[in-house]
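Chains: A, B, C, D and E, in written order; residue numbering restarts at 1 for each.
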C-alpha cells in the first residue's frame, strides 16, 4: 500500500473537523483558540500535501506564512484575553455576552 | 334672423351673469342682488317673448357655439328653437319673472337675500338651458345644474335640520335619476354616434331600427332622469320634503318649472320613445298613472298647506307623464304639454297664494290652524280659488281644457289597457277635486281655529300683484291656442280650432265621453269635499276611512321603506367596504405585512445572542448550508 | 515602472506609519493627539500623489504576485480617503483614540495592508495582506480597552475572525489542490479535472467565507452587530469603509480569476449570500435602538447589495458595486463622525439620544440626515445612484439569468425595510424635541471640515455621478480584457481537443 | 530529527532535500512509510480529539499539552511530505513559542479549569449537524481529489523555500514583518496595565 | 434661462436660499417662498398661454447631457399632456405656500421642505428623461416624511408617516425597476423618452418582456396613485399631513404615476398594455366604487377627502384603461381637475380645522354661518367633487365615461354609479354635517380668521376649476393630439374583458413568471 494524497487529506479534513468541533462545543475561549490553531494546522497540512503532490512549492510558502500569521494572531489574541481578564472577566463564551440582539 | 340669434344668447347669459354678479358682489348687498336678479328675469322674459314672436309659427331653427369636441364626441352648446322649446321657454321665463318679483317681497329682510337671488338666477339659467338645449348632453348639463340650484334653494334655510336634510334628499334622488339618464345617453351615443337632438331625430327617422333591441332600454333609461326630476314613483319622495324651501322656490321650481322638465324631456325625445318596437311608453304611462293616484290619495290626508300642494303637484305630474305614455306617433303628447303649461300657471299661483297665506299667519303651515281667511285676504282668496278650481278641472278655467285633453288622449290611446288607465285618470280627477275643496274649505272658510288666523291680514302689493298676474293665464289659458303651438311641433297632429268659443266647444266635441267623465269626476270630488269639510273643525275623514287614511297620512311609509332599503343595500355595502378597508386592507394587508416583517426581525435577531459560541455555531451552520446549496447546483 | 515604484503608495504609508511611531515615542502623551492630524494630512498627501503618478493600465510585478491596475488603484484611493477621515475622527481631543500613538500607527498599518490586498496577484499576498488588516483590527476594535464593550467586541472579532481565516486557508488549499496554482493569472486558465471539481467548488466557497468576513456577508456576518456596537466609532467607520472594501476587492479578484471554471458556482454563491445578507441585516435592523449596532446590521445589508452587483456578473454590475461601495463609504464615514462627536467614541449610541439634534447642532443633524437618506438610497444623494446602478445591472442581466429576478425582488424589499429604520434615525433627529439637558454640541474645526467634505461628496456623487462611474467602470475594465483573453484561450483549448 | 527522517525515508542524512528529485519519488514507496504515516495520523487525530474532548480532564492545561502533541504529529506528517523546513518551523514556532504563550496565559488567568456555563442544546444540535455536513462534504471532495492525481513530488527545504520567499513572495514576506510589528504594538498596547 | 428651467429652479433655488437664512426672519422666509412659487406659477401660466396646441414635437424644449455613459440627460419640454399638469402643479404649489401661513413653528425648515417638494414635482412633470422623471419625483419623499412627522397631526401620525413613506417607496422602487427594465430592454442606451418612443416605433420591445414589465410599471405607478387595493396610505397620510403637504401631495404629486403610465407604460409597452389593461380597468372600478363606499362611512373630513381622491383616481385609471382618445383625454382632464380640487379640498379642510379645532365632522356643524366664504367654497368643492357641470371635473369624468363605454359597458355603468350617486352621497353628507344644521354651541365663539390675502389662494383654485369647467377647450385642444398619439400607439380593438377573464390573465402571467424564474 502506498500513502497517497487522499490519506493526508483525510487526516487534514478530520483534524479540521475536530478543531471545528472544539470551536463549536468548548466554552473556554482559550481552548477555543487552541482549537482554531488546530484548524489552521489542519489547513496547513492540506496545503503541504497538495504542494507535495502537485509539485509546487507555493503551497509550502503559504503554509509557512500561515504558521507565522497564526503566531502573530495568537500574540494579539492572548494579549486581548489578558486585557479581558484584567477587567475581572473570565474568558468564556457566556461571560462575554454583554452585547446582544 | 341674425338679430334674434344675438338675442338668444342673452336669454342664457343674463341669468348667468346675474348669478355670478350676485355671488361676487351682491351677497351682502340685498338691493343690488334684487335688481340684478329681477332685471335678468325681466330681460329673459322680454327676450323670450321677442324670440317667440320673431320665430314664424311652426318653424324651428338652431344656433350653436363650440364647447367640447374630442374625437367622436362633439358637444357644441346648441340651442334649438322650435314650437316646443319656444312655448316652454316663454312659460318658464314669465312664470319665473313673476315669481322673482314676488320673491322680492317674500324674502325681504332675510339674511340670505343675496344668496337666494343668486340661486334663483342660477336656476333660471339652468332651466332655460334644459328648455333650449339642442343637444342631449347640454340638456343633461342643464338637468344637473337645475338639481344643484334646487339643492341650494331647498337648503336655503340650512340652519333648519329639516331643510338641510330635504335638500340632500332631493339632490340624491335626482342624482339617482340622472344616473339612468346618463347611461341612457351613453347607450344612445354609442348606437347612433350622436347626442344632437336634430341629428338623432334624423338618423332615427331614416333608420328606426338603429337602436335595435336597445330601444326600450334607452327610452327607459332616459325616463329614469324624468323619474328623478319630475318626482315620479318610485323617486317621488323628495318633492314633498322639498317644501322646506322658501315658498316662492316651491312655486317656481317644485311646481311650475323644474319638475315639469321631466315631462318636457319626454316630449323632447318623444321620437325616441315612440320608436317601433319600443315598449317604453306603456310603462311610462303606468308609472305616471300610479304616481298620480298615489299622490292624490296621500294629498287628501295632508295637513300642511304646502305639502298638499306638493302632492297635488306630484299627482298632476303623474297625469302628464301618463299622458305622454299614452301617446303615440299618430297621437303625439300634445295634451301633456298643454297640461304642463296650464299647470305651471295655476300651480305657481296656488303656491304663491299659499305663501301669501303663510306670511299672513306668521309662518304657520297647518291648515287646521287657519280658517276663515277668505274674508280677511280677499285677493289671495280669489286668486287661490281660481287656481284651485282650475286644478280641479272646472270649466272654463284653463285646467279644465288641459285635463280634458289628457283624458281624451288616454281614452283614445293605443295602449292595451287604456280603459284601466282612463279609470285611474278619472279617479285622480275626482280626488283632485276632493282635496282641493278640502284645502280651500278649511283654509278660507269655516271658523277661525286659532288666534293667529284671526289676526291675519292681506299681504302687501308686491305679493298680491304677482298673484293677480298669474291668475289671468290660470283662468284663461285654455282660450289661447297653446296646444296648437305644441301641436305644430309634432307635425300632422295640429288641430285648428277657430276662435275662443270654438275652443271651448272643442273640449266637448272632440271627445265628449272623456270630457263628461272628467267633469263628472270633478263635481263628485268637489261635492264630497264640501260635504265633509264645510265648516269642519277637525278632519273627520280618518275615522271613517281608518287604515287607508293612516297610510295616506304617513305617505304609505315610502320614506321608511326607502330608508330600510337603503340601509340594507347601499349603506350595507358601504359598511362592508369600510370593514374590508379597516380590517382586511389596512389591517391584515398593511398592518399585517408590517407586523409580520417586524416580527420576523425580532425573531431573527434572537440569533444574535451575543454568545461567541452561538456565533461560531451559526457561522458553522451558515457555511454548511451555503455549501449544501451551492454544491447542489 | 519598477517593482518598487509600483508599491510606492504602500511604501509611503508604511514609512509614514514608522515615522509616526518614532515621533510618537518622543512626544509626551498630552500632545499626541496632533499625531492623528499629521497622519491624516500625510494620508491626504499620499492620496494626492496617487493622482500625480501615471499608472500603467495593467501590469504585474514581483513575478505576478503584485498587480497594478485600475481596480487596485481605485480601491487604494478609496482606502486612503477612508483612512484620512477616520484619522480626523479619531483626533477629537476627548477621545480614547486620540491619546496613544498606537491608533494612528495601527490605522496606517491596516491601511497599508488594505492597499497591498487590493493589489494582490495571488492567494499568498491576499492571505498575508488580509491577515495584516485583520490582526490590526483585533487591536483597533478593542482599542477602548477600558470599556468592557470594546473588549468584548475585540474578543468576538478575534474568534470569528480566526475561525474564518482557518476556513480561508483550507479553501485556498483546496483551490490550490484542484488547480495547482495560487496565482490569479494562472488560476484563470488552469484546467480542472472532473474529480477535482468538487474540491475546487468547496474551496471557492470557503475562500468566499473567509473573504466575506471582511465584507460582513452571510454566513460570516455574525460578528458585525456586536463589533460595530462595541468598537470605538472611528474604528467602526474604518470597518464599514476600508475593511469592507477590502472584502469587496478581494472577492472581485478571486471571482474574476475563477469565473471560467466556476461561473454557475459564483452565480449561486453570490445570489444566496446576497439574499441572505439583505434579508438578515434588514430584518434584524428593524428593532435596533443603538445607532452603531444599527449600522452593523445595515453593513450586512450593504454587503448584500454589493454582492448583487457582482452576482449580475457583468462589468456594469461590478462597476455598480464599486460605485455603491464608494457611496456607502462616504455615508458611513459621515454617520460615524456624527456618532463620535455626539456620543463620544466608545459610548453607546442610543438613537433616543439623538432627540433634538437639529437644535443642538444643525450641522450634525443635516450631516446625519443626508447620510441616512443616502444610505436609504433616495435622490439626490450618492446612495441613490449606487442603488440605481445596482438595479440597472441586475435588471440588465436578468434577461440572461432569471434567478436575478429574485435578487431584484429581495433588493426592493431590503431597500424598503432599510428606509424604515434609517428614517427612524431621521425621525429621532427632527421629530422629537430635545431633552432638557440637551446642550449644543461643540464641533471642532477639523471635524466640521471633514463633515462638510463628506456631505459635499454625498451630494456631488448623487448629482454628478459621471466621473465616478467612469472611474469605476475603468477600474473594472482594467481587469476585463484579461477575461476576454481567457475566453479566447479556452476556445483555442477546445479547438485543440 | 534529521536522523529520524532519514531512517524513515531511507535517505542519506546529508542531503539538503531541496530539490524536486526523481529519486525521492522512487524512494518514497518504501514499505515503512505507511506505518509511520499511520502512527502520525492516528497520533494527530487522537491528540486532537483529546484537546477538544478529554474524558478525564477539562483543564485548559491538559488541552494545551495535547495540542503540543497534535502539532508535533502534524510536523511529523510534514516531514513525510518532504516539508522539512516547515516541520521545523512548526515545531519551533508552535511547540516552542505559541504553546508556551498559551500555557502562560492559562496559568495566570484562565487556569481554574472549569468550563463555565452550560452547553446549549441548540448549539449541540446545530453544531453537530453542521459538523456532519462538513465531514461528508470534505470526505467526498477529498477522496475525489486524490484519485486521478499524478504524483509529482516536491520537497521543501530551507533553501528552496527561502529562495521563493525573497524572490517571488518577497512582498508577502515583508508584510509578515509588518504584521509582526503590528502584533507587537498591539500586544503591548492591550497587555500593558492601564496608564491612568 | 429657458422658461421651463425657471419653473423648476425657482422653488429649488428658493429652498437653498431659505436654508441659509436664519430661522427667525420668518417674514422674509415667507415672502421668498411666496415669490418663488408665484414666479413658477406665472411662468407656467405664460407657457400654457403660449403653448401651441397640436404642434408637432415638444415645445419650450431644453436638453443637456447629465450622465453621458448611461444616456441620462436633463431634458424638459412641454406637450399637451404635461402643459396643463405643470400649470396645475405650479398654481397648487403657490396656493400651498399661501395657506402655509398657519405654520407657526420651525418655519424655516417647513418652507425649505415645501419648496423642495414643489420644485421636485414640477421637475418630474416637465422631465422627458426617465431618469430625471423619477429623480425629481423622489425629491419629495423625504420632505413628505419630515413634514408629516414634524408638523402633522393626529394620534396616528407616526404610523401614517411611515405608511405613506414606505408605500410610496415601494411604488417608486417598482417603478424604478420597471423604468430600468424599459431602458435595458429597449437597448437604445438612453433614458430619453422621446428617443425611446422613436426607437420603440422601429424596433418594439419583445412581447414576452413587455408582458412582465407592464405590470411592474402599472402597479408601481399605481401604488403612487393609490390604485385599489394599494390605496390605504392615501387617507391615512392625508389625514395626518399638514395642509400644505396634503394639498401638494394629493393634488400634484399623486399625478406623477398617471403621467408615468401615459408617458412610459402605455406607449412603450403596447403589447403588455394589451394584456394587462383589463386588470387595470377592474382595479379602476375598484377605486371608484370601493373608494366611494368607504368614503361614505368616514367621520373625519380629511379621511373622507382622502378616500374621495382615491375614488377620483379611478376615473383617471378607467380613462387610461379605455385607451381611446376620449378616455385618455378625459383622464388627463381628470388629473388636472382633481389636482385643483384636491388642493382646494385640503386647503379648506385645513382652514376648517383651524376654525373648529378638529377635522371630525360630527364635532362641527352649522359652520356655514361662521365661515360663509370658506363654507361656500367648500360647497362648491364638494359639488365639483361629485361631478357637477361647470367644474372641470365634470368634463373629465364625462369624457372618461364616454371614452370607456365601448371598452366595457358594465364598468362604465358602475363608474357612473360611483361618480354620480355614491360621490354625491358622501360629499353631501359632509356638507350636511359640517356646514348645515344649527351651529354647535361650542363653536359659537370661534372667529373667522380669513383675510383677503388668505382668501386669494382658495379663490384661485376655484377659479381654475370653474375656468376649465366652463371652457374645457382650453385644456382639450392641447391634450387631444397627444392623447391621440398615446391611444394610437396601441392598436385599436382592445376589449376590456370580464372579471373572470381577468383572473385568467393574472394566472397566466404568474405562471409565465414562474416558468421564467425556473429557467
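Criterion: a contact is a pair of C-beta atoms (placed from the backbone, for glycine too) under 8 Å apart; a residue touches a chain by one contact, two chains touch by 3 or more.
None of these values were measured; they are calculated from a predicted model.
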Which is the least count of steps on a path of touching chains running from chain A to chain E? 2
Give the chains in contact with both chain C and chain D, ordered by label. A, B
Could you name the chain whose CA centroid falls nearest to the centroid of all protein CA atoms? E
Per Cα centroids, the chain farthest from chain D: B
If you count the C-beta pairs in contact for each pair of chains, which pair comes out on top? A-D
Averaging only over C-alpha atoms, locate the centres of chain D and chain E and give their separation in whole Å. 70
Take the average of all CA coordinates in chain B, do the same for chain D, and state the distance between these two points in whole angstrom. 103
How many angstrom between the C-alpha centroids of chain B and chain A? 95
Chain C and chain E, separation of their C-alpha mean positions in angstrom: 41
Got the chain C residues that touch at least 2 other chains? 124, 127-128, 131, 135, 138-139, 142, 145, 154-156, 159, 163, 167, 174, 177, 198, 201-202, 225-226, 287
Using the touch rule from the top of the page, what residues of chain D touch 2 or more other chains? 123, 127, 130-131, 134, 137-138, 142, 145, 147, 149, 169, 172, 176, 179, 182-183, 186, 189-190, 194
In chain B, what residues contact two or more other chains? 605, 608, 610, 612-614, 616-618, 620-621, 623, 627, 631
Touching pairs of chains, which are they? A-B, A-C, A-D, B-C, B-D, B-E, C-D, C-E
Please name which positions on chain A make contact with chain D in the complex. 1-22, 24-31, 33-35, 37-38, 41-42, 44-45, 48-49, 51-58, 60-61, 63-65, 67-76, 78-83, 85-86, 90-95
In their shared complex, chain D is touched by residues of chain B numbered 613-614, 616-618, 620-621, 623-624, 627-628, 631
Contacts from chain A onto chain B in the complex sit at residues 20, 23-25, 27, 29, 32, 93-94, 96-101
Spell out the part of chain C that touches chain E in their complex, as residue ranges. 358, 373, 378-380, 384, 388, 391-392, 395-396, 398-399, 402-403, 405-406, 408, 412, 415-416, 419-420, 423, 426-427, 430-431, 464-466, 469-470, 473
Please name which positions on chain C make contact with chain D in the complex. 7, 14, 21, 29, 62-66, 100, 102, 105-106, 109-110, 112-113, 116, 124-125, 127-129, 131-132, 135-136, 138-139, 142-143, 145-146, 154, 174, 177-178, 193, 195-196, 198-199, 201-202
